[in-house]
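Chains here go by letter, A, B, C, D and E, matching the order in which they are written, and residues are numbered from 1 within each.
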Amino acid sequence: MLALNNVEVIYDDVILVLRGLSLAVPEGKIVALLGSNGAGKSTTLKAVSGLLPSEHGEVTDGSVTFQGQDITKMDAPDRVKLGMSLCMEGRHVFEHLTIAENLTAGAYTQKGSAEDLDLVYTYFPKLADMRSRVAGYLSGGEQQMLAIGRALMARPKLLMLDEPSLGLAPLLVQEIFGYIKRLNEERGLTVLVIEQNARRALEVADHGYIMEQGRIVLEGSAADLRENPDVKEFYLGLGEEGGRKSYREVKHYKRRKRWL
Amino acid sequence: GGDDGGGGDADSDEPIKIGIIADLSGATGDVGTPYNQGMLAYVKWRNADGGIEGRQIDADSNDYAYEVPQAESLYKQYVNDGVVAIQGWGTGDTEALSASVGKDELPFMSGSFAEPLTDPEEAPYNFVVAPTYSDQMRVALNWINEDSGGTGEVAVFHNDSPFGQAPVQDGADWVEEKGYDLGYESYAMPGGSQNYVGLLSQAQSQGAKYIVIQNVASPAALVAKDIAAQNLDMKIVCLNWCANELFIDSAGADAAEGHILIQPFAPMSAEKPGHDPIKEFLEEEGTDPETIGTSWVQGWYAMHAMAEGMEATLADGNELTGANIREALETMGPIDTGEVIGGGPLEFSADSHRGTTATGIYQAQGGAMVELEAGATP
Amino acid sequence: MSNFINQLAYGLADGSILALAALGFVLIYKATGVINFAQGEFLLVGAYMFYTAYVVMGLPLIGAVFFGVVVATIIGVLVERLILRPMVGENPISIIMVTIGLSMFLKAVVQAFYGTTPKNQPAILPRSSVEFLGASIPLNRLLAIVIAAVVLTAFTIFFRKSRHGIAMRAVADDQQAAMTMGISVRRIFAMAWALAAVSALIAGVLLGDISAVDQNIAAFGLMVFPVVILGGLDSVPGTIVGGLTIGLLHQFTAAYWDAGLAGVVPYIALVLILLVRPYGIFGETRIERV
Amino acid sequence: MLTRAYQHSLRGSHLPAGQPLLEIDNISLRFGGVKALRDISITVTEGDIHAVIGPNGAGKSSLLNCISGLYHPQEGQIRLHTTTGSGPEAAVGEEESADRATGELQTHTLTRLPPYKIARLGVARSFQNIELFSAMTVLENLMLGRHIHMKKSVLASMLWLGPARRQEIEHRQLVEEVIDLLQLQAVRNKHVGALAYGVQKRVELGRALCLQPALLLLDEPMAGMNAEEKEDMARYILDVHELAHVSVVLIEHDMNVVMDISDRVSVLDFGAKIADGTPDEVKADPAVIEAYLGAEDEDAEVREAVAKIEHDQQVEQGQSEENRG
Amino acid sequence: MAATSTGIHHRNYTSELRLRATKTEYFRLGLMLVLLLVVPFVLDNYWLSIANTILIAVIGAVGLNILVGYTGQISLGQGGFMAVGAYSSAILSDRIGLPTPVAILLAVLLTAAVGVFFGLPGLRLKGLYLAIATLASQVIIEFLVRRDYGDFLTEGLGYINVDRFAFLGFEVGGREVFEQQWYWILLVLAVLAVISARNIFRTGLGRSFMAVRDQDIAAEAIGVNLTRAKLTAFAVSSGFVGLAGSLTAHYSEVISWEKFTLDVSILYLAMIIVGGLGSVAGAVYGAIFMTLLPEVIRRLANALESSMPFLGDQLPAVRNATFGAIIIAFLIFEPRGLDRIWQRLKDYVRFWPFRY
């Protein structure tokens, strides 16, 4: 459904962030993209959703195709109309709008429909209770729910989530990934998700990519990745013997894995 | 350096340098532009006519957009270029430069006719080429006293600045001095107002039948419009900067009808002898004299006064320096203006740089300025 | 009493026009976060455009209005496209400076084409007066109030009801996020500037008619600041309240106190109100959460 | 225990370990109709890492904001205990000895104080969303952490030579120690805006440390980090706690972190406190599981390992306490 | 700053805290000094007067930048504060008869106090709301000065003539040497102003200003007293501005309200924005640029006029349009101002020929 071929992204004409990145998201699947801070995960999603120009960034090489159509140079709003929806890192709710207005804004391309609203409210009952509260005053987690709900309002075929679990309580993380799975199963929604919580992501995903420094360094089915010893140690936080190590025991000097 | 440039020997034939500080794009650009054109036209005419004692006038005119700091900068440029005299414009720049021109010994004329500038003690190099605002106010009060039959209420609407306030106190003193039985109140006109009904209502409760306006044309015209719209029985008496065609045009002939204009410079329609050279010049240039407004004439004759002073200096065989020009202006006797300024000549002396006290009185009739009295004095 | 009603009418008329002028300002701020110091010049350009169509080109009134609206829209869009778009994301103060530059530019261009003398324009609104409770109120003022009221109501409804209203506010809050919702930021920006130019045109034409078509119209723009701050920088209803308040304050100060103070009193009132309500009467409080 | 040879102590409190440092006493906070906190009482003990957990919107950040004075609760009181002469001022250059309690006990009511006064009492914090001074370098950000300890005379500043310069250098030394502790050497002169997320979080911690805090408030210091980075951050927090002996209040959603490094845990839900106790007690609390943790999801293997480690730790702790005694 | 320190190693904090570190930097400084010292001997009086105007503008712009650029409090009240400095200094020296430097000093203090007063709304207002509140201070001060209640300021004259600058027997001379002597006075003061402003931002005081600008909540949480920091910024800034105002009075020897209008406020704002917000050097560049620009445009336009006479009547309009257009174009090209361009230029030269 979505394919990136050899994409290279440069910010401010000098900062090379993506160095020939390729990945594919098959229709109806959940794909997880993992990687450490600054690897270029968010940049990848921005390249896909057309946000780079607004940050002085540019796709200088390679192509992005969506359902066979080359969208490398397309405007961001048009991509939304094609059915791609991005839920940005760091929530980005419209602070001065109420929850209900945020959701209406999310349905901008759909001319608004009550049905979608109800759907979001059933997925996130907490939002329904607070629908007339101003988004800027919500707690971090509440904003995150709103951001996901808002992205759903555009009735996407492909939903891209940038760290959806950021700042969420464990129960909610569980729930959100539950929803993602449900949306995927019930509505056939294709999902591309960036996560730091690798354990959770690999649980729901069908396929995973791991990126470092602007390149994909490892890819495979989620199950395979879960068993990969490096992934285990560095992304799942499991000790070498397989058990989880205590944070108290972390050494000042420790081994770091870099795929370079 | 360059403090002598334009001066030189009495019999040099170098051009005479004059600096003009003009408002072409600023707050008073509507009258400043024709005033400047009038001055430059005079220079052109005079130069074609053989110049001053055979020397050409080299007038450098620059816009200062009615901003005092820009005027100061221009002034310094002119001083550096070695001009021998300066034509200024507004009250702000005239005041700001009066001390400097005194120190630099450069005769300075301008469109600001405030009373303190006529005092050589205060402003030794400033020359006022028209009756001062205060004199105009006095004439206005005389006229009102007569028109009202000896009693009446006068409201003075003035620009809320030193320019506007200049004649206010003098007017009050005049009423007292003359023992007129006139009520006299003054009101500041805020800039940027879209109506003066508030002020008019204050004037109305004062019982005023006469509104003396010391401001530029646009706000005065607005007052006229408001009076018309309110059907008030009030007569406007405009001083100088609103006593012109702009006032009548902006207000519309109907709203302006009957109002009085105290204007020291005769408009073209008054057909004074002094208008002949202007007409001649304009015909040669292919311009219709009808389109020439009062401000243009003011510029022409302000420059004329200065040129005459220079001519007298050179005629006396003196070097053309600021100090000599000043002395010539003070001692040369009357300067003929063909009855344009105050219906008579201008004359300066060592104790007074008040060129004249006389002014014309006009009335707006049928959209034109009709002369009621020429050469009215306080 | 009759005098009071008279003053009231004049104050409301000036206030309505102020509100119209402020409306454009608020629209631009609301959608794009730009403080437009050239708002007064937009009024000026509007008034002169109309003058050109009505007097110079001799179009009928409706035609002239239509011409004015079209040209104003084009100018608004051009300004956005050429000047403000490259500045997106820059420091608000730099953007303010750009609009100051724009104001100098527009004013100078108008001057280059039309000179400095006021233009005579035949009256558009009737100059006759109506008697009301002993006060004679000119019809043109009353009509100015009506026109302004109609336009302002139309705009208010537009923002309440239409999804563009929410889209505009969304864009103002977070442009990137708005893009991910499929909202075209460029279109919204262009729309805001075009609407602002049109409302400025209406205000400019009204002003030109009740006073004169001259450079002073631009000076009226400065009064927009107390209006929008009083009402709240980003509130459409705020412009109405702010405009009327300032209009009346101005009028009553001139009528019952010292006209010279009329220019200052609004500012003093403004500071006092801001001390109680730092975001104006209807302005959105800036959300600062940590 | 591990120590490093730093000249300055980063700890701003001289209370003996185990004494109550901060007492939150029945506070309630409302925003219009929203009840963010309801009748909360929590006591933070000197020398603890005290975790506050709870679902999103439970009021954790609000609680922190109340402590640091950004919000003022409508009801209740927050008290901070210090000892005279033990303010951060006095701590500059003094040698640290954990059991020394100079001067008398002093109690400050924080509830009505403005934030800057609370900061001057030695309460430092980091924020949920990074709130650094983004146009400045790391060094400047850290130097700003020294703000409360510096004299700010306009004239002296304008002159620079003399007192102003001396002061800069003097405080720079402590800042360098913080840079060393948090391994920020490489980015010292970089603008913080350009730094990686994790590093920014560390700078924020550093800025708070430069205050020489009596109490350090950390709001989700590990959000948005992967396992590896979390380990680093945990290490830094533990260093701050163990080497500098600073008491910490920590908000964090990652249960593994919380359970591993905290001494005490309070749980909030809907603005109310639903549990309070040691990590193990809390973990076993059914109310907490229902409101917050959800069904335990780690596989048995992991759980076992954790239990074992925890056991070891308790033993170790017991030993160290014995040692102290 | 970050970029300039590449590859330089300091052995102690003292050396690191220096403003200049490399030989190039010292060389540039030396070059500039020589230039400044040569100026009065090569320029004629007119250009010297422009140099003097620039020097006064430098002081005012540096002051404004402290408030706007460094502390983030937008101010449109510059003209008003300059008026306070100018009028108080003129009255103190002329009417009360204090020695000029004493009058200037008192004027600076008074302006600082007035600045604090008008800065009070800044405690509650933010961003553009504050900007408009400072516009109110401009309007109010301008009104008071123009209206001159009770003729207190100008004794009914509308303007004040200020005596020639004199101190301890020294008096500025006549036309020949006037500009030159003022150049020296103003140069010394401007250099002092620039240095002391730079010093402020090397210390905790300056950092606390910047903290207020960047993130006021965090600033409070680390112990910055916002009230005090903001008011101090207003005071310091207004002090500089008051100095510029009182120098205007003594240098131009006559003051009237028309010298301190809103246009002046906007001009100064333009200086610091075009120069570079939050940079002392930027304020200096901006003052130079904005003072010279109209001059240059005027000269160009006049030169153009002779070759294109049809411009004639439109000349002032064309000039103003050009002025506006240049500001727009400039900011579109580099919104962060001249300082930024200069930095980039330096980097470019330094890394040349290895650009990446």
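The rule is simple: a residue touches a chain if its C-beta (ideal position, glycine included) is under 8 Å from a C-beta of that chain, and two chains touch if they have at least 3 such contacts.
Model, not experiment: these values are computed from the prediction.
Asker: Could you tell me which chains make contact with chain B and chain E both?
Answerer: Intersection of chain B and chain E contact lists gives C.
Asker: By that same contact rule, can you tell me which chains touch chain B and chain C alike?
Answerer: Of all the chains present, those in contact with both chain B and chain C are E.
Asker: By CA centroid distance, what chain is farthest from chain D?
Answerer: Looking at centroid distances, B is the chain farthest away.
Asker: Looking at C-alpha means, what's the farthest chain from chain E?
Answerer: Checked the centroid distances; the maximum from chain E is A.
Asker: Please work out which of C-E and A-C is bridged by more C-beta pairs in contact, and write that pair.
Answerer: C-E
Asker: Centroid of chain C to centroid of chain D, CA atoms only: how many Å?
Answerer: 51
Asker: How many angstrom lie between the CA centroids of chain A and chain D, rounded to a whole number?
Answerer: 31
Asker: At what distance in angstrom does the C-alpha mean of chain B lie from that of chain A?
Answerer: The separation of the two C-alpha centroids amounts to 75 Å.
Asker: Just give me the whole-number Å value for how far the CA centre of chain D lies from that of chain E.
Answerer: 43
Asker: For chain C, jot down the residues that touch at least 2 other chains.
Answerer: Only 108, 111, 115, 222, 260-261, 263, 290 qualify.
Asker: Among all residues of chain E, which ones touch two or more of the remaining chains?
Answerer: 147, 217-218, 221, 313, 316-317, 319-320
Asker: Could you tell me which residues belong to chain A and also touch two or more other chains?
Answerer: 137
Asker: Which chain pairs here would you call touching?
Answerer: According to the stated criterion, the contacting chain pairs are A-C, A-D, B-C, B-E, C-D, C-E, D-E.
Asker: Taking the complex as given, what residues does chain B use to touch chain C?
Answerer: 24-25, 29-30, 32-33, 160, 187-199, 201-202, 204-205, 217-218, 221-222, 225, 228-231, 246, 249-250, 252
Asker: Once bound in the complex, which stretches of chain D touch chain C?
Answerer: For chain D paired with chain C, touching residues are 61, 65, 70, 127-129, 131, 219.
Asker: Spell out the part of chain C that touches chain B in their complex, as residue ranges.
Answerer: 3, 6-7, 10, 13-14, 17, 108, 111, 115-118, 120, 127, 129, 136, 138, 207, 210-212, 214-216, 219-220, 222-223, 250-256, 258-263
Asker: Using the touch definition from the top, list the residues of chain B that touch chain E in their complex.
Answerer: 1-3, 24-25, 33, 62-63, 65, 67-70, 72-73, 76-77, 79-81, 91-92, 95-100, 103-104, 114, 116, 160-163, 165-166, 169, 188
Asker: Across the complex, what residues on chain D touch chain A?
Answerer: Answer in residue numbers: 31, 34, 53-58, 61, 128-129, 196-198, 220, 223-232, 234-235, 238, 253, 255-257, 260-261, 291-294, 297-298, 301-302, 304-306, 309-310, 313.
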